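First subunit A sits with subunit B, and in the next complex the same chain sits with subunit C.
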Partner chain A sequence: MQENNISTGNFEQCQKCSLCETVCPVMANNPDYGGPKRSGPDGQRYRLKNGIFYDDSLKYCLNCKRCEVACPSGVRIADLIQQARIEFSQKSPKLRDVMLASTDQMGPLASAVAPIVNFSLGLAPVKGLLDFTIGLDHRRTLPKYSSETFVHWFNKNAASRQDSYKKHISYFHGCYANYNYPQLAKDFVAVMNAFGYGVHLIEGERCCGVAKIANGMIPAATRDAKANMSAFSKSLVKGRDIITVSTTCTMTLLEEYPELLKVDNSGIKEHISLVEPFLYKAIESGELKPVWKEGWKARAAYHCPCHQERLGLGIFTTELLKMIPGLELTELESNCCGIAGTYGFKKENFKVSQMIGKKLFDDIASAAPEFVACECETCKWQIEMSTGVPVKNPVSILAEALDLEKTSELNCR
Partner chain B sequence: MRFDVVIIGGGLAGTRAATELQKSGLKCILVAEGLSLNNCPKNEFKAAGGTVLQGDRVVSGVFEGNRLIRVFTEKLGNEPLEAGQFVLATGKYFSRGLVADMDKVYEPVFNLDIEYDSDRLTWFDPSFAAPQRFLEFGVKTSGGVALKGGVPIVNLFPAGEVLSGVSSAQGDATEQILNSAREAVRAIRRN
Partner chain C sequence: MPSKNEFDVIIIGGGITGAGTARDCAMRGLKVLLIERHDIATGATGRNHGLLHSGARYAVKDSESAEECIRENKILRSIASNCVEDTGGLFITLLEDEEAGFGLDYQQKFIDACLRAGIEARAISPSEAREMEPSVNPSLIGAVVVPDGSVDPFRLCAANVTDAAMHGAKVLVYTEFIDFIREGDTILGVKVLDTRTGLKAEYRAPVTVNAAGIWGHGVAQKAGVHIGMYPAKGALLVFGHRVNNVVINRCRKSADGDILVPGDSVTVIGTTSTKIPFEECDHMEVTPEEVRLLLREGCALCPALASTRILRAYAGVRPLVADDSDPTGRSISRGIVCLDHETRDGVKGFVSITGGKLMTYRLMAELATDLVCRKLGVNQACSTAETPLPGSVDGRIETVSKRFEGKVTAGQKGAAGRQGDLAGKLRFDSEADKQLVCECENVTLAEIKYAVAELGVRTLGDLRRRTRVGMGTCQGTLCIRKAAKALAEALGDPSLESKLAADYLDERWKGMRAVGWGDTLREMEFMQRVYKFEKPYSYDEI
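Entry: the complex of A and B
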């Protein structure tokens, strides 16, 4: 009897139509990559027989999951590829990969000496040295660190008043909002408070682990996943749902934990929501009442991050943004920006990363918006570096467009 | 989420109907799986102010009497899409607008009435290049609306290849598909 007669990731449903190949951003730009069909379901047939059929070119996969969105047969192509990398790759992560992936270890170190880090990472000789020694591409603008983390700010300035609200949520801030861009988290607190929700941190929150998965650090990612699930359970006991702001963190918590890390999230998953669907549903049902600033006007173009599209949640963001009376919103054609988390930071990927993003950059240039609206932090780095157009998270747009005082008066009674 | 019209399927018929309905002032959402939705018609629909739910699939619907009132999709889970009118443009077998079993052909989302022959041996011609009868099968209509258990569903308009008698294997298929989309648009504007 055949031992492996189980269709992992639904791969036996593949009918070889090649639709996935027409949407793969890497295949169009990197001839060394075999493409999703070959790397995913086709390769899986061979790998099931023997691991020697594993092909190292699978590392070129961005894990953008556009192939899964396109597949008419429900094959989890990107999951198959990531699973194969986890199972068969013999390469251990390089020092650079460990540094890029350990966002929650590097964050506290860099934040402690943020001015020095930010200054020196902007210097050409330092970037040249990092390129030469560890392979961090010198053309890449490196993310800035904040000298005060969000958590520190929150505990000092906001934590004490949160219990006074009638409704409560737990906030999974993630590494980016904590170490790199606390303003986003502050905007989140301001918006949620205005709508009458007390915001609470999750005790023992860890990095979601997505960068570790992408860089082959599976045991470390699994530890993060387990720690998060037990931290989340404690939050749920208090009756507080978990609200997230980062698209990719959310996809990791919801989908990658059970699929790739085999960490069970049932019973918890149902209580995790991205902020845009959460607010949209509550506003549409009339539970929350926004008051918009009079005369506020802006012209934005919306870029839907790949993972937002994979989750099927982009629609909540566009519908939420369309509620803002002063916002003129155009939707950009769905294309990958090319950075894919830590992928675009690596010397060997920089060129392909920029080639992939070119269509999107050109579209942004011709739309010429005041800013790009986008939920994803790494898309933000890539788009700002490559186009010079600022990128704002929808939460920050809400914080600007809402009359927070009047909204609060209406919703906090 | 509430819309004036939900268009299910983003191929030739779906995008055409969606764009024309949106341009006539109705608030539309297009549920489009995979690549069946091409970029050019999709952008035209978006530019007209329409909403696209990309990479998702309608899995079930709720009927009230002879009206469809809401549908559920795979990714939105228990968040329904509600509307006054619906266009069904899910195509034939490849896009799973129709499913063929050993002994029957059915419409998998709403289980609508299908025009087909119960004798499987008559479905195909062994000669590959000959006209294949199974490509003619599709959803039955009465006055432009779909039938379910013989009862007309008054606000569900099938368009394109999901229809009985419409098949892209025929020479004049593009015109036929677009015409069926335009008919659905006219009927919805009247409704």
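Entry: the complex of A and C
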């Protein structure tokens, strides 16, 4: 008699089973947070009645989306919470939040004077000042900026040879690989080139906008989203799929654009892929043939980032890494590291952030790997700071473990 | 010296009419007894749309009712601010209405009739209507804005009872009227049965008021008086959340399923109208045909209903009264029926107040109280139209929620919305008091304690009518054990817990069964799973 139930973020599908509450990392550590069910679907019903029922505690949600993974009814709980924050939060973002969120504006500024910035941000008095003035927690190790951006390096050293390959992809590098850690992007180019792909930058690439969404800067995030979608369309015209390396950027492009920013990505999202599933499928089908370095050995523990869990793509990474003969891989129990992008940088969240991550830190300590394998840059900061164990992106591990020359010979013919 | 069982007036029926009459009588200084066989607001009072009529619906056919409605509408807005919500209302015209002779010509006739009755009615364009209420059927061809609203009948009834009690009235719930105490042609009082203890009692008063709704037919019979009443069943559906924020009606001759009301956290569509035998009044079930009809008509008002979860179905009985002026008894009296059985039937000390509607309860109460006062020789003017009800003195949710100390929680906001300024009586002494018992409806332990202590709660159904506990999406599955425990403890008998919960869930189940598909069916499965295991099979049975 009735059609399927349709409601914003499927909030009406909630059966109130409360499974989401059992997986919420914040609820277990912050009594001020009502939890995903109450903040999401329960709150939604009352917010529809009267905006006065919007609760400021929704800001404690770190948008890890573990609730959505757990929900047996397909409720987009975290989206409902973010949507409510967008709609009802009266507070305009603080200076600190704007600075944290504007990764694409801060990046060029900081890169230009990277040695000074890195040096100063490492100094206790500077950290104390930042903590005191803008609420950036002083205990936090801040990410370093690179003095040469990836894009600058690429245009100078790699761009010219890319047309010589037979197959081509477009590379969405994101802010982190560009400003903070170009080595990851360089590793990506090396690996893709070895497998016979020409790598091309996306003209007009902008920040994915996730940090802006998290900090309530919706108009700016929407501008980024629209600009990216039009840039991606141009890339697709050339027949190049878009390959990404950052988990959270990917989730934002695929899921948050239509759900939260109402920016349509249909026709484009089908052509966006994280690098791990892309390579795994191609190697598995025999299309790509890796040649591994003789005698390369390492012991790693894999941490699956929350958003990788949400995308359901962690399995591709572990399966890909398991193809490396010399790699001994431990899969860590899936737990949030607690940083959640810019969340853990904020003074008010530092303690909870570290409490959330404790289980993961302990697991890493007992696994005692040489390094942690993880796709996410902010997990990397958190784990390195909290455990002292280095974190490597799977792409960088591949770049190390592959015999790039022989792989290239086999795949570029 | 008068005994404790002697009163000036006894009122039978704890619906809105009886509650309003008790309040009015008590405010005029009478010594009042109100008896109700179940809980307050369990009959037609708690089983309707909760529409704060502007009167527009009656304007064309029945200007008298329309004028009554708009007067009472304005009064309720001022005396019951905590119970009403100013949503505004739309009367929409669809293409099919035009084809049926209720097109834009009729719309003009409708507006003229509204204005004559004193109802502000103004035509707006279809696009303005879509902007005002985005969920409205987008293919509408015309719309009229009227001052409709929504009213919470449970809250309104409870506020009247509370105020009556504050003015000295004695209120006995779960007390069933059995018979009259009679001497010749004079009613001297009532014999009652406490349905919980089985104890009988007698109460005396020079005047007894029959305010028992459709059950008033039987009450009158006991006095040897005939009131020609017809039970007309009206079925309604409750949707899972607020689909619309403005009342939507059809601008045509009144028909089934043509009013969609946003009330508290849900939306209600209704109603149907079917004459039923008296025997059915106590156990009505909503039929599949009624559900189909309501959905079909509802979707014409608001297409989103086709894809919105239905929480439950319920039905009430309108007490239709035959017009005394028609000797055949066939024509129905539209308005309020206030009968002095002394002049009408020669039975002294007995008054019936019936007909009417939720909207006009206060006026009904005033008429009945005027009659009672005349009989008692009391000369006191009615002041119910000017005196705010408890909770509504300054009961806006925005004002009340500011009064709590510290950061205001969802449960406190919820209580402010429900209890109005009386929410200040809630005691949040411990962390446990702040904890939500019902998460769907934001009901804290503190609110439950308050309701049990101050609002005469005996069952979880009573608690639901005072606090909305268990009225949300899960229909009590997740909260009812917690609520049952709290109530059983407050009632001083922890062993009641399971019985209280089981009774509540049985009642919820009945309402869900009529709409048991989709997500409601999943919820029912879940409910069954959770509670089936409560009493595991013994090994012998397996």
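Here is the rule we use: the second predicted complex is superposed on the first by the 407 of 413 C-alpha atoms of A that agree within 3 Å, B and C clash if a C-alpha of one lies under 4 Å from a C-alpha of the other, contacts with A are read in each partner's own complex, and residues count from 1 in each chain.
Rule of thumb we're sticking to: contacts are C-beta pairs under 8 Å (C-beta built on N, C-alpha and C of every residue); 3 or more make two chains touch, one makes a residue touch a chain.
Remember, it's a predicted structure, so these values are computed and weren't measured experimentally.
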item: Joint occupancy of subunit A by subunit B and subunit C, clash or fit; value: fit
item: Superposed model, subunit A: greater residue contact from subunit B or subunit C; value: C
item: Touched partner set for A:Gln44, first subunit B, second subunit C, both or neither; value: second
item: Partner chain in contact with A:Ser7 - subunit B first, subunit C second, else both or neither; value: second
item: Partner chain(s) touched by A:Lys281 [first = subunit B, second = subunit C, both, neither]; value: first
item: First (subunit B), second (subunit C), both or neither touched by A:Leu19; value: first
item: Touched partner set for A:Gly34, first subunit B, second subunit C, both or neither; value: second
item: First, second, both or neither for A:Ile315, with subunit B first and subunit C second; value: first
item: Contacts of A:Ile52 with subunit B and subunit C, given as first, second, both or neither; value: second
item: Nearest-approach distance, in Å, of subunit C Cα atoms to those of subunit B in the combined model; value: 5
item: Intersection of the subunit A residues that touch subunit B with those that touch subunit C; value: 17
item: Residue ranges of subunit A in contact with subunit C within the complex; value: 1-7, 11-18, 34, 37-38, 41-46, 48-50, 52-53, 55-56, 73
item: Residue ranges of subunit B touching subunit A (in the complex, touch as defined); value: 1-2, 29, 33-36, 39, 42-43, 46-47, 51-56, 73-76, 79, 94-96
item: Sites on subunit A touched by subunit B in the complex; value: 17, 19, 22-23, 68-72, 277, 281, 284, 309-315, 318-319, 330-331, 333-334
item: Contact set on subunit C toward subunit A in their complex; value: 240-242, 245, 262, 264-265, 291-292, 295, 304, 306-310, 397-398, 401, 407, 409-410, 413-414, 417, 436, 439-440, 442, 472-474, 477-478, 517-519, 522-523, 526
